[in-house]
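Each chain gets a letter, A, B, C and D, in the order it is written, and its residues are counted from 1.
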Amino acid sequence: MILKIECLTKRFGGIHAVKDCSLEIEREKITAIIGPNGSGKTTLFNLISKLLKSNDGHIHFNGKNITKLKDYEISKSGISRTFQDVRLFRNLTIKDHLEISLSNSDESIFKSLFKDKPNNAERIDRILKLVHLKKPLNTLVTDLSYGQRKLLDLAMAIAKPHSLLLLDEPVAGVNPVLREEIKEIIKNLNKNKGTILLIEHDMNFVMDLADYIFVMDAGKIIAHGEPAEIQSNKKVLEAYLGD
Amino acid sequence: MALIQIIVNSLIIGSLYALVACGFSLIYSTNKFMHFAHGISVVIASYLFYLSLNTLKINFIISILLVLILTGLFGIFMYKVFYGPLQKRKSSNIVLLIASVGILILFENMIMLVFGTTVKTINSDLTKSIEFSSFIITPLQIIIIVTSLILLLLLYLLMKKTKIGRNMRAVSDNKELASIIGIDYKKVSYYSFFIGSLLAGIAGIFIALEQTLEPTIGTNLIVKGFTGSIIGGITSVPGSILGSYILGIAENFGIWYLSSGYKDAIAFTLLFLFLLFKPHGILGINKGIKK
Amino acid sequence: MIENYLIHILILIGIYIILAVSLNIALGYTGLLNLGHIAFFGIGAYTSAILTREGIPFILALIISCIIAGCFGFLLVWITKRLKGDYLALATLGFSFLIYSLMLNLSSITNGPLGISGISRPNIFGYFLKSNFEFLLFVIFIAIISCMIMYAIIKSPFGRLLHATRDDELGLRVLGKNTIKIKYKAMIISSLFAGLAGSLFAHYNGYIDPTSFMLNSIIFIFTIVIVGGIASFKGSIIATFILFIIPELLRFFAIPSHVLGPTRQIIYALILIGILLFKPKGLFGRIDLE
Amino acid sequence: MQKVKIFLALFILIVLIGACSSQNNGNSNSQSSEPIKLGLLLPLTGEAASWGQNSLAGATLAANEINSQGGIGGRKIELVAEDDKCSADSVSAIQKLINVDQVTGVIGPICSASGGPALPIAESNGVPVVIVAASAPKLTEGEYIFRVYPSDSFQGKEAANFIYNTLGKKKIAIVYVKNDWGEGIKNVFAPTFRQLGGEVIYEDGVLQTDKDFKTLITKVKESGAEALYLPVYPAGGVSALKQIKEMNLNIPVIGGDAFDGEEFFKSDYAEDTIYLVARVNSPEDFKAKIKNVKGFENLEVAIAAPLAYDALRVMTEAIKNTGSTNKAGIKEALKQTSINGVSTSKIEFDSVGDLKQVAYDVKVVRSKKSVYR
């Protein structure tokens, strides 16, 4: 068990975006959180990666309590994430983005000036092949298509040293061909022992991908289990069809 | 006994700062950039008033109206020639700020060319002092304080009750949204510059009567007005007036205990403290200021 | 004889290149809207002048004034780290006004409005830089070293983080980088070199007073970076040349002397506004702030 | 990285071209007939700009008169004016005068703030200077620096004597402008007044940009001072006097020499203000002559005009005595030169370079005119 969340709560004024959420993520498994839009999935992600401060409850990662850590500390402790609306550095190139993700010694001026920089070229190529991003290294991110920007965001999350990968709606607004490609990428990430937690509101994308599924509605976890159980679960259908 | 006189002095200078600050804050809250050249609108108003009274010998009341209208138009001229094109190109606030200081330097030196650098004063019988039991004040100073307080109310009503005011608040809150629901933010910007500069006109006339005229007083005036706006809340026009009174009180009581040389130091310290601990000021709205 | 005057202008250009490039590190590369840069220039100048007046050798005084300017840089970021955009610019402007009024009022240390005069020419290991030409060589040497250091930092992996902090600070934090610490380092580098430039200015001019660190000079140095183009190294260098040579050229025009002064200021203001209106990214810039 | 190297190499190249062309800075003392250039270091913008205009008028008048009598040994006088903005900008201004225009001598400055940084440069380049009005005591320490206006130390002493002995006021308040001129006068006035047995009951400095003195005046009223010594500039001074009248502070007000100018007399609040000024005669016929100098028809004439006029004349007199434009020779000549000036009857310099004979007049403003008290 790599990630353990206990009754995590987040209130915006009166309304509860996330209410007493508890869940556990198994190592080297693909776990998915599904639920209709506005069910608090993204808020949960933002609480885990500390873009938002929780009102109470706590989070354990690799056995350590990370509730009190700052956002960059949580990222440094091994959690990488992507964003639904991709965040990239608009004046930098693909190579820059991956160099920043890969390096962990660039924050100290002395090290970054004098220490001989490891040649990342080979690692960058490997990652770009992994995410099927076939673009010259020095293209500016502003010249990339929406899909390519998604792939680069994924590549950066993979490049950053991590033991848990959080994917926020990896295929939202992506053409069907690319959807399958991303599904493939996630699959072989998991093949070489990657632990993945992804959010998706599209149920059937997740069904044959995830090993374990949690279903959220109105900020609470209403069901969890193997994909097969979830598919037949009445409460899940109600939440989605909203009768 | 002198304490009451200090309070009166604070109110007088506070009112002058308020007259400068409210125009600046109106323009800032609508257009979201710091119009530093507002200081020169005040100076131009003073010199126009001097010109029409002393040189052209125009009647007092007509001169006032003439100066107010001309200063308002000067505000629109500045927006049309300098700020409009910059905003069309979506220049950042910093670029607009630097442009406004460029405009300040430009017109300050033009005035110096036209009117020369010697000190000018306007004599008026409004400055015969009246001695009360514990303080002394002149009719002009009473008018200044009363005008400033009336303006506090008028501007509050303008912003809250009138159509223009509502449009200004809408544009200042969200320019794109405002234009979607049919508010022509260009026209609103023109209005804000006209009214804002007209307020500068009022400030210019009173400063011409109360103090002496020099081309170089623009910079000092706008720095004090901007400090008053920050203290009161730069996004709230009535707040900027309140902030200016606080600045007036702080300065006068400050130099009552310290030397007069510290007057500006007190203002800058207050500015810095508010920027750090209460950047949206007393009445301002905390919108996107903190992380 | 003309080259004495040329040397004088080149010395000032050398000093202001260090100042402009160091401002660009904070403003252009890291996106910190620092209107208070001239305060570090003033702090460096006054520290160096006061230390050498107390008999401390020039080189030591130079280093100490850089360090003290750096500390003030750290202080400014620490104080304003919760602000952004307009309010950060306002706070830094307030900071420079505050430093100005301290220089004016702490007469026991800074002589107040009288300023400090008779600041000694630098002596490096016993060799006095008497003539301007020697001083110019010294300034060129320091300017080249400073530019190389700053250029190396910008081109290093750390430099990439500066760009990333400007473009999307949150995005960078999610990649595990402590952006507050990055901003501290950027401002310390920027203020350190501004202090260095201040010290050189004090020892060249031989006289400093608070008025040379006020609004006109705040906007002058800022305009150099804007005209050159933000986040453009050579932009800042070339713009420093341009913005120095133009006002000096005006001295040669046969403008009737009693309108000479105001006309010069008007032409300067028109150039500034013209650049902003017609070449917003500046001469060599590719980036704008928002 | 290589982009910067090319650029900085270019930077060094320009310098070397500039530097190696010639290191000689021998001053041209050719006897050819081209004009003798004299530099004017004056504040053409900023707060003291009106003084700059006056000096310009005075110097131009003197030059025109000399040129109409055939110049010096057949060589005409040519004036080159540079704006020192009454600040440390004087450094690049004087650099241009000395190095580009290769002036034989410099007239000015008006403000001590400009004199401080600039005069040492003239001294080290061996260029003779006759200061028009910058009155900070230490400015004339250089051997090449002379002055046709008394140093501040005189004005402070004279004012103390006048107030204590003539006016008979024992408790005095002093409000001075916080700049080199104001501070210089206060530093001499206060000790002198105490030595005479008087008491400086209130002392305060105001910023040059300050226009609101009501709280200050309240403090002066509270202090029970019998008179107010007010060495400030006219801009602040007129405002202060207006507020003094408004707040019924009925004690005599004594100003510094900066009040001596039509711009001050003509203001509506200068009535009954006493001020001390070095006896700088500015006779009416001289003012008339100034007014018909081209470009200065509507100038409000102040003492800077006769001062600049005399400064130029004593410089040209020294050049005539030296018989050449050799700067060192002119410096020596200036030490012995003595002329009948307009501003002061006899212009002669003491060992330091200040006027030997100084007289102060006490003047008072009566119905917009300045008359002797």
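By our rule, contacts are C-beta pairs under 8 Å (C-beta built on N, C-alpha and C of every residue); 3 or more make two chains touch, one makes a residue touch a chain.
What you see is a predicted model, and the numbers here were worked out from it, not measured in a lab.
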Neighbour overlap between chain A and chain C returns none
Return the chain label for which the distance between chain Cα mean and whole-protein Cα mean is smallest. C
By CA centroid distance, what chain is farthest from chain B? A
Per the C-alpha means, the centres of chain C and chain D lie apart by a whole-Å value of 32
Whole-Å gap separating chain A and chain D, where each centre is the average of the chain's CA atoms: 74
Taking each chain's centre as the mean of its CA atoms, chain B sits from chain D at a distance in Å of 36
Junction residues of chain B, two or more chains touched: 109, 112, 261, 264
Two or more partner chains touched - positions in chain D: 45-46, 49, 53, 178, 207
Indicate the residues of chain C shared as contacts by at least two other chains. 104, 112, 152, 261-262, 265
Kindly provide every pair of chains that touch. A-C, B-C, B-D, C-D
Could you pull out which chain C residues touch chain B in their complex? 33, 79-80, 82-87, 89-91, 94-95, 97-98, 100-102, 104-105, 112, 215-216, 219, 222-223, 226, 259, 261-263, 265-266, 268-270, 272-273, 276-277, 280, 288-290
In the complex, chain A residues that touch chain C: 49, 51, 71-72, 75-76, 81, 83, 87-92, 96, 99-101, 103-109, 112-113, 117, 156, 160
As the complex stands, chain B meets chain C at residues 32-34, 82, 85-86, 89-95, 97-99, 101-103, 105-106, 108-110, 112-113, 219, 223, 230, 261-262, 264-265, 268-269, 271-272, 275-276, 279, 288-291
Quick check: in the complex, which residue numbers of chain D touch chain C? 1, 3-4, 7-8, 11-12, 14-15, 18-19, 21-23, 25, 40, 43-46, 49, 52-53, 56, 79, 81-83, 85, 87-88, 91-92, 95-96, 98-100, 102, 113, 116-117, 120, 178-180, 183, 207, 295-296
Within the complex, chain D is touched by chain B residues 2, 5-6, 9, 12-13, 109, 112, 116-119, 121, 123, 127, 129, 131, 136, 138, 211-212, 214, 216-217, 220, 252, 255-256, 259-261, 263-264
